[in-house]
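Common to both upcoming complexes is subunit A, partnered first by subunit B, then by subunit C.
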Partner chain A sequence: MPKVTIDNKVYEFEGRPKLLQFCMEHGIEIPYFCYHSAMSVPANCRQCLVKVGNPQVDRATREPVLDDDGNPVIQYFPKLQTSCSMDMTDGLVVHTHRTDELVARAQRDNLEFLLANHPLDCPICDQAGNCPLQNQAYKYGPEGSRFEFDKVHKPKKIELGPRVMLDGERCINCTRCVRFTSEISKSNQLTIIERGVKNYPLTPPGVVFDEPYSMNVIDICPVGALTSKDFRFRARAWEMSKTPSIVTGTSRGSNCYYWVKDNEVMRITARTNVEVNGYWLADVDRLNYRKFNDARPLGPDMVSEGARVSTDWDGAYERAATLLRGVSGDEVLFIGSAHASVEDNYLLMKLADHVGASAPVYIPHVEAGSGDDWLVTDDKAENAQGCERLGMHPVDETVVRARLDSGAIKLVYVMDEDPVASGLFTADQLKSVDVVLHYYNTTNETFPVANVSLPAATIVETIGTFVNDQGHAQRVRPVKAIQSMNRSLMMETGLSRQDRHATPFDKWSKAENKVNCQPGWVTIPEIASRLNLDLNYKSPKAIMAEIESSNPAFSGATYDAMGLTGARLAEVGTTV
Partner chain B sequence: MEQKKVESNAGNWKEYTRVLLPPVRDLHRLDVYEKQGGYSALRSVLKGDKWDPKSVGDAVKSSGLRGRGGAAFNAGLKWSFMPPVDERPRYLCCNGDESEPGTFKDRQLMEYNPHLVFEGILIAAYSMSITTTFIYVRGEYADWIKHMEGELKKAYDKGFVGKNIMGTDFSTDIVIHKGAGAYICGEETSLMESLEGKRAYPRSKPPFPAAYGVFGMPTTINNVETLACVPLIIDRGADWFAGIGAKTHAGPLLYGISGHVNRPGVYEYPSGMLMTDLIYDVCKGMRGGKKLKAVVPGGSSTPVLRADMIEGVCMDSDSLRAVGSMLGTGGMLVMDEDTDMVKWLRRVSHFYHHESCGQCTPCREGTGWLEDLVGKIDDGEGNLRDLDILIDLCYQMEGRTVCALADAAAWPVRYTIDRFRSEFEAKCRASHVATGDLQIA
Partner chain C sequence: MSGHGAEIVTLPKINPADAIPADKLVFTAEEKAQLQEYKSRYPEAEGAVMRGLWFAQEKFGFLPPEVIRLVADELGIEYARAYGVATFYTQYYKQKMGKYVLDVCTCFSCQVCGGYDMLHHLEEKLGIKPGETTDDGLFSIQGVECLGACGSAPMLQVTNGPYVFNLTEDKLDALVDSLRSGKMPPFTSVTLPQDEEEMGGNRRSDAAAVATYQTPPVAGAVE
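What follows is the complex of A and B.
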């Protein structure tokens, strides 16, 4: 296999990778800005310079030439080379800043140039604390600056489009944003204008940067030149925790980070998963996070003597159990949820089975024609595949409406859904029956007619598994804390937080903004136990382990296997 | 002082007969050009039995023709980098962007002998199986573009360009493209981006144009003057060409001489002329009898030479390299004793600052910084440390960028300071912050 020597260490490689890419994959840090694994290589930032050479070969004998000590003589390129554009070849010898003073100096020099006209307004910059320029300047840059002239002034506060703002002065002209629109999203809505040191990206005349993926340029901008209109100036990077998970509102399960401060979700950014979403997120998937913060219930409640009263969790469990006890199995309609995890739906199926009801149905959320051929899907629910693989099916509206109207259904048990808003039933129709409701937000239109309502943990407050439209099973982790923490949540939260015990900036352990809700894998076993069904698992992980081993449609989907990037499940006959 | 007589590499230049710009009235007209034997080289290449594509390329290679666009690369060798013919189109670019300050010789060819350029292109196209040639001319040359378009049309009408040229099965097209006006468009890959309708950002190389050129297709690029030499090589033979002027840089050369000489202009002579012959003989000496102070041999980016450095120096790449400069485009800037070298450098630095495409960091940031510092010194506000910073910045720019513009910007700074340091120091000393310390009022 071909070999490369980097900083005196030998590595084997296959194919013809770019040197910088190879180094990134092997934990050899080289500072860089313009390179992006998914885009063309303009080699314009000049930060990634390294010294490169090849062993000298004797023309006649084709043998390597050796020096007096018997070491091969290396013929170095006369100029330093940009590692991002360097094709690796067998025998290549590379020196980074670690083993070559000239390389270290070149990197330092380049940072001096980059900072010369940079406004250095880190104290008010959204990117500060999470900024490649800042980080690399600290690590590899010069101590001070010799630049003593007026900095170049460029337009600031430019509204490129409805969601993205530009500060022209912070831009280091890496062209990543422009390349994104020309090579990835193909909207071509950005270009570089002006020349030389006055350069900055802008929309062509008459064009608005409003493509549905525009916010990705904020993620890939190596400085704070591109900011989110929604997020800018709302929090500093170090005030937030950043937890890997998946987005909602799409069946693609695009990977993301949730940025949380004081138990409030502040923003969502893309997380790389080449099998699912690559490096990208749709704008809609980033901006739908307010539902996790706003209009959340204060706690469980129920109707008592005609009035809605709040109750404690035990009271709510008891009421739900009582309602279930009061009807026969075929009088209950269980509605599961394509928004809920595999684990929660699985437990609901067990409960339905225990009381003699038919299997839960789920409400589909397909909006035909609303998707694209990229990350926005027609199906707006996260887990329809998971439901199908469990053996659940979309609700047959005509049948259940007729049964409800005829009085055959006496109790509707709804988990994490809103049958009124989705048009399955009207609120009036539901007034004639009892309703048990697990729900996320007080805007839930079924909530007013529920007899007992249990606030449910959302995808950012729970642990569970979701299967995307391609059969990719992925775990979610608690991103923010809820009021009553249990052991499983505590363990996972600890692992996903950078600051395990909260900081003065992010008081996540304080009560503020914690919602009084519970995951389905807590509430359903509680209700089940009151009906003499033991659904107490050690953790959601144990639930999934059982599903994985008993249902071939989930074969391979253990928590360990899913890890951070998920596991691809085998195709099954069902597609949504 | 006794002067040692040095032989010019140009030999007996006074007997030289012009071939690129012969003194023929209305030579730009197709009928006149043909009467002078024009297009006979193309005819013999296409219809005679002496030539095939490879032998044409070999002849150009052995003639020793080196690129006249600045880098002086062997033209035939460059042609041989083209990959074998396949189903893809293949392009040739004729670089008429001519933007380096001090350079104005391609314009003469476009005006007075456009058909020689076309013929050279057609022969090159035959040799490399080119589908289409783009003549990229700087936008400011609007008049010459129009002029050439008229002549090109005549050549098309005569069947010298286009389908089945001269009745053979060889077809190739020529397109004249008007540049959008930036110095950087003359850099080869930037020119190609510009042709494609994109922003003229030079490409990172490799891949080189032969592998990935215009629209990603195999492409060769040559300067106008380079291509104009080709019909001469075919007509009169590679040996004839190789015998003209400097051995390692053979052929006729257009010297564009400007500045403080009595008769500035474009002169055709063999390569390897003595600089002193060009200044004192060809250009009839210094204006107003002034003393020579400095010469920039080949366009503003080539390192400046002091008057005392040019004795016995010939205008060819090897001779100039030996004294620490370059032939570049052969555009000589001559400066007399009254020239303020700091001001000259300030003007040159302003040019490169203005023309940096801004793609890569050292050039984008460095060119402006250089101009700022030189301006500071020129304004009498500089100190000695600024000279050190200037040299440091040159080091930080040279050889670390996508294209050679950063080098072109750094060299004048480095060498003008190096060769005229006392002038810079004098301006620094006069400065009120000459100590190099910050003064607090």
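What follows is the complex of A and C.
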């Protein structure tokens, strides 16, 4: 196998990888800006310089030339090379800044050039604290600058489109954003205009940067030149925690980070998962986070003597159990949810089975024709595939409506759904029956007719498994704390700097932003135990372990196997 | 440096009104065929972008966004790409220019030899700033990057045509006067050192006219 020597250490490689990509994959850090694994290599930032050479070979004998000590003589390229554009060949000898002073100096000087006209407005820049230019300037750059003259000034508040703002001065002209529009999204809405110090990216006149994937350029911009109109100036990077999870509103389960400050989701950015979403996210998937912050219930409540009264959790569990006790199994319609995790739906199935009802159905959320061929799917629910694999089926509207109208259904048990808003029933139809409702938002249209309502933890407040439309099973982690949970004790939650270093008495711990809700894997076992069914698992992990071992459709989907990037399940009906 | 203050780059108008009326914004069948011929010279359509833009500038006089878009559509390339190319080169006029465009080089060598002084002299003389056009529509001035004649710095180019070398303020005054009377400066060629033999030891066809400039034969200078 061909070999390469990097900083005096020998590595083997296959094919013809680019040197920078190879170093990235082997934990050898080299500073860089313009390179992106998914796009073409323009080698324009010049930050990734390294010294490279090949062992000298005697032309006559074809033998390597050795020096007096018997070591091969290396013939170095006359100039430093950009590692991002360097094809690796057998025998290549590479020196990074770790083993070569000239490389270190070239990287330092290059940063001085990149900063010559950079405004250094980090104190008011959204990217500060999370900025490759800032980080690398600290790490590899000079301490000062020899460019002691007025900087070139460029427009700073350019609305490129409805979602993306540009600060021309901060741009280092790496062309990543332009390459994204020409190579990845193919919208071709951006170009670099002018030249030299006047360069910056812009839409040509008459074009608005409004493509449905426009916000990806904010993620890949290595400086703070491109910012999100939605997020601008709302939080500093170090005030937020950043937790890996998946987005909602699509059945693709694109991987993302949720950024949380004071227990409110502030923004969603892309997380790389080559098997699911690559490096990208659709704009709609980034902007639908307000539902996690706004219109959240204050706590459980129930209808008592005709009036809605708030209650404590025990009161709500008891009421739900009482309602279930009062009817026979075939009089209950259980509605599970394609928005809820596999674990929660599984527990609901067990509860339905225990009371003698037929298996829960789920309400599909398919909007035909609304998807694209990329990350936006027709199916707007996150876990229809997980429901199917559990053996749940989409609700047969005509049948259940007829049963409701004929009085055959006396109790509708709804978990994390809104049958009124989705058009399954009207609110009036539900007035004649009892309704138990687990719900996310007070805007839920079934909520006004529910007899007992239990605020449910959303995907950002729970632990669970979701299966995307391609059969990729992925775990979600709690992103923000709920009232019953101390975020630093929940080991899975992403922690911000404040979480780690501050006390709960500091001003940024806003208790009022903690929602009084509970995940299904807490509430359903509570109700079940009042009906003499023991569903107390140690954790969602244990629930999933049971599903994995008992249901072949989930074979391989243990928490450990899913990890951060998920596990691809075999297609239903096939075995691995 | 002489206190110009910071350089300010301005934002181009995002939605300018069309400068060319819709009925004029067309290529004739012959012109279209010509553009296709340019396109066929390159392995990819994008290769023809510069020739195509130049062709359109010759036809329309300048390249407002709608013309750039027309060229891009005709060549089957991306409008954004064509716009980026058009803005890169000062030789493509993005707006209507004066009859005479004076491109004063303010790049390294010319700057050191007084390029900015020449530009400022023109600014004062014509009462316009770089990028502007005189009210009579006769002159536009621009500060441009190296035009590849550093050996005769400072220099300027007239309307993408002849170069005027070794500028002085007097020379600029004379140039403006002669242009006002409709007289373009003559084309001057600068040859390579190996041709100096043929040119009597001088490398420039206007050697006789340029008192300040006499290239000693290379061989002699090296001695």
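Things worth noting here:
Here, the second predicted complex is superposed on the first by the 550 of 576 C-alpha atoms of A that agree within 3 Å, B and C clash if a C-alpha of one lies under 4 Å from a C-alpha of the other, contacts with A are read in each partner's own complex, and residues count from 1 in each chain.
As a convention for this text, a residue touches a chain if its C-beta (ideal position, glycine included) is under 8 Å from a C-beta of that chain, and two chains touch if they have at least 3 such contacts.
The model shown is predicted, which means the values in this text are computed figures rather than measured ones.
Superposition note: with subunit A as the common reference, subunit B and subunit C are in steric clash.
In the superposition on chain A, A:45 makes contact with subunit B only, while subunit C stays out of contact range. Once chain A of one complex is fitted onto chain A of the other, the partner contacts of A:173 are limited to subunit B, with no touch recorded for subunit C. Of the two partner chains placed by the overlay, subunit B and subunit C both lie in contact with A:152.
When both complexes are overlaid on chain A, the residue A:138 reaches neither subunit B nor subunit C. In the superposition on chain A, A:106 makes contact with subunit B only, while subunit C stays out of contact range.
After overlaying the two complexes on the shared chain, residue contacts for A:191 are found with subunit B and with subunit C alike. Contacts of A:206 after superposition: subunit C is touched, whereas subunit B is not reached.
By the touch criterion stated above, A:77 is placed in contact with neither subunit B nor subunit C. Subunit A uses residues 149, 152, 191-192, 194-198 to touch subunit B in one structure and subunit C in the other. Taken in their complex, subunit B has these residues touching subunit A: 182, 199, 201, 203-204, 206, 353-362, 364-369, 372, 376, 389, 395-396, 399-402. On the subunit C side of its complex with subunit A, the touching residues are 1, 5-16, 65, 68-69, 78-84, 87-89, 145. Contact residues of subunit A toward subunit C in the complex are 149-155, 158, 168, 178, 181-182, 188-198, 200, 202-207. Contact residues on subunit A toward subunit B in their complex (touch as defined above): 41-47, 49, 78-80, 82, 85, 87, 106, 109-110, 112-114, 116-117, 146-147, 149, 152, 172-173, 175, 191-192, 194-199.
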